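Note that chain A is present in both complexes that follow, paired respectively with chain B and with chain C.
For the complex of A and B:
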């Protein structure tokens, strides 16, 4: 089938299913609600199958690195072992298998927690770079950050209760107004992008071949 | 048959879709009118970032965020893939190497195809390296990848959670120019603070129209402005009515 026809089929399916899911949200009709639930289940299954593509990519890239003795080829071996051993054990012995649980509780969780802990240091280094009094905007940002910091620091409230009021005023007036303005724009932008996708007018993600735009 | 509690949402959606459909059909399709969109500094900086990577002989890193295609944030991922196409075409044009990372397996094949087609369209199919499109089950791992590859430009465009700060700081530590774009509210402050350029909120959705200058796409951006005007009118009206002791409109939207 020609590429153009395949694209038309994909866009037609997108339109029909997308429209159905919108309609289903607003009506209570058993057969349509059941159909939409089945489509959601099918999407979950398709995404599960897509995991095979992801695991295949990891395996291929790291096997290639090992065979070429490229940079960091020893970590590549660790990576493959970390992917495949829990995967095989999980498939053969379910998620309750003791080895699977051991790997998850004693390896995966601590590594994940360590990464979250590192986030604190990244916040510090990010703040160090961002809060520089070089312009009017930067000065306002530093002042606001300092006042919010003082609002949340217990010792500042002990020294002067006004820090709490000023911090709350910044959060409830300036921050809330800006936040709501942005979120209204984001919501409308999401609807617009959704409509463009349903009508087949948002095509960048379809990897269309075209020339001379940049 | 209609769900009573969702009638107001349905009414507002019909109004929004009506305005957008009018703009698409009448202004975009029939009149082929190309509206001008205000300058987006982050999009203008893309070429500069790619040029910097070429001059330094280092690669570019691009990630379309950490949202699945079944999530409410999926439009951000779709918008990010459209921008990926543009950045990959720039990379192909200037012979820069682009490394793309994605966290979810259903987004990964889309990234492969978008980058591949960008190289094919530029007549440089031989320069496309599939191994440079990487699936990372935890996108945080891209921080190490950026350090190892010493990237010169770091594009983080799409929906992000805590990874935004990790990736932005890793990019800065590697000496890269950071270009971000996010519409997830809780990550927006981090992106604005840590990136050299940032697409804020709805700018992310306007970026593909800004790049392509397609009449239909630019018409929908103008349609968005009309919807915002209607929203603003409702807010002002609700405030005035509440002030004079008539909170019915305010209660309707609570």
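For the complex of A and C:
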């Protein structure tokens, strides 16, 4: 019974706050706007605090994995060290602490860059193996890809401005039209999901276990 | 020998080596290949040029280090432009890595280029620019910051906003003349919270992989401008008449893109040669 009431409270809060935010977006009424602004301010603080839950969850899961000598327990140790050393340094000495800055600039930064740079090799490999003129569809795709690549290489546009014009035409007309359809579809999906959440039909965010248990 | 076999017999690592070489050569010995400024970059630049003196501009660092110079150089180029103009710049980060990226931009780094000293532009902290730090919450934070730009109560160093003259002219979204957000995502949410709700002009600094989905918003007038990838940053540096890191890296982009096109053509040529031999 208590669990049922707790669920009802959570659903009611969701409905009231969600409905308030939607109404506030469309109307200009000072007291409602102020109330919504205060709730949003509070939400940013709550979201900030939620990171504590995230760190706690990661720590708990990886500690469990290490203690059980589960799959990839050594990377779990690396994970915990990577999370906790910068966290402790950041908390003790702020984000401007020299060690924190050093770790970010000289470790985190190049590792992040390297991860993204690997994409270049994948694209090259894909261009070599996958872009094949086998059918009409494939030919159109290969031609468009080649023209966009040439548009993105400024020297090509300098040699012949047509590469820029054709590339821009593909991007602004065909590509934009395709994406517009996707965006509208996503928007309709978002409205549907939002309505389902507000009406209590979608309750995944309550983190309930099977059988209605929390 | 089938065409598929012909392709697979060539070790793709030779291509990777070629990419490494064409990327390394221009870094070691810049070639200065020519480039043309795109209308999209020019539009963004001209909009900032046209802002009246004293206008408040929000500059958001929402990208991450993973994007490297692609977005780091955009942030640096726009920051320099805003400092060069008589504008009030409110710097904020809706991305968790923003504080570090802001510091790296001021100090100079491998992803943002040479250091930027606002004093060199005659700009005074608290009067002409302010750094509010990281605001968590993404879409909630966008909405909250729009209705209350004093959300953080203090700047990133802990100085109360009441003590900063620049913040007297920046209390809600209605005071903003422009938002420039250098970001890897959350574009639609920013448009919804800032443009759709308040008609605030927005310019995005976007990575090449995200830019395509934003052209629709440009066409619809919901987006004032956009810098696309490192090319956009390099074009911006040219417009500023101060070539920096992005321009120097354009040789790499040029050669790498052309190598990809060559790989496409060569792959197809081998495929067709192999197929014609099969028929014979």
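Keep in mind that, in the parts below, the second predicted complex is superposed on the first by the 127 of 214 C-alpha atoms of A that agree within 3 Å, B and C clash if a C-alpha of one lies under 4 Å from a C-alpha of the other, contacts with A are read in each partner's own complex, and residues count from 1 in each chain.
To be clear about the criterion, contacts are C-beta pairs under 8 Å (C-beta built on N, C-alpha and C of every residue); 3 or more make two chains touch, one makes a residue touch a chain.
Here the structure is a predicted model, which is why all the values come from computation and not from measurement.
Look at A:204 in the shared chain and tell me whether it touches chain B only, chain C only, both, or neither; answer first, second, both or neither.
first
Figure out whether A:194 sits in contact with chain B (first) or chain C (second), or with both, or with neither.
Only chain B is touched by A:194; chain C is not.
In the overlaid three-chain picture, which partner chain does A:58 touch, first (chain B) or second (chain C), both, or neither?
In the superposition, A:58 touches chain B alone.
On the A-aligned overlay, A:183 touches which partner chain: chain B = first, chain C = second, or both, or neither?
Both partners.
Contact-wise, after the overlay, does A:37 reach chain B, chain C, both or neither (first, second, both, neither)?
A:37 contacts chain C only, not chain B.
In the superposed arrangement, which partner chain does A:152 touch: chain B (first), chain C (second), both, or neither?
Touch status of A:152: second partner only.
Counting only touches as set out at the top, which of chain B and chain C does A:91 meet: first, second, both, neither?
Neither chain B nor chain C is touched by A:91.
Which holds for A:78: it touches chain B only (first), chain C only (second), both, or neither?
neither
Touch check for A:128: first (chain B), second (chain C), both, or neither?
In the superposition, A:128 contacts chain C only.
Shared contact residues on chain A, chain B side and chain C side combined as an intersection?
On chain A, the residues that contact chain B in one structure and chain C in the other are 25, 40, 43-44, 47, 51, 112, 115-116, 123, 125, 127, 129, 131, 179, 182-183.
Contact residues on chain A for chain C in the complex?
For this pair, the touching residues of chain A are 25, 33, 36-37, 40-41, 43-44, 47-48, 51, 95-96, 101, 104-105, 108-110, 112-113, 115-117, 120-121, 123-125, 127-129, 131-133, 142, 145-146, 149-150, 152-158, 161, 164, 168, 171-172, 175-176, 179-180, 182-183.
Spell out the part of chain B that touches chain A in their complex, as residue ranges.
Within the complex, chain B touches chain A at residues 1-3, 6, 9-10, 13, 16-17, 20-21, 24, 47, 68-70, 72, 75-76, 78-79, 81-86, 89-90, 93, 104-106, 108-110, 113-114, 116-118, 120-122, 131, 133-135, 137-138, 140, 148, 162, 165-166, 168-169, 172, 183, 185, 188, 190, 193-194, 200-202, 204-206, 208, 211-212, 214, 216-217, 220-221, 223-224, 227-228, 231.
Considering only the defined contacts, which chain A positions touch chain B in the complex?
By the definition above, chain A touches chain B via 22, 25-29, 40, 43-44, 46-47, 50-55, 57-58, 60-61, 64, 71-72, 112, 115-116, 118-119, 122-123, 125-127, 129-131, 141, 179, 182-186, 188-197, 199, 201-202, 204-205, 207-211, 213-214.
Mind listing the chain C positions that touch chain A in their complex?
It comes out as residues 7, 12, 15-16, 19, 23, 33-36, 38-39, 64-68, 70, 99-100, 103-104, 109-111, 135-137, 140-141, 143-144, 147-148, 151, 188, 197, 208, 212-213, 215-216, 219, 229, 231, 234, 250, 253-254, 256-261, 263-268, 271-272.
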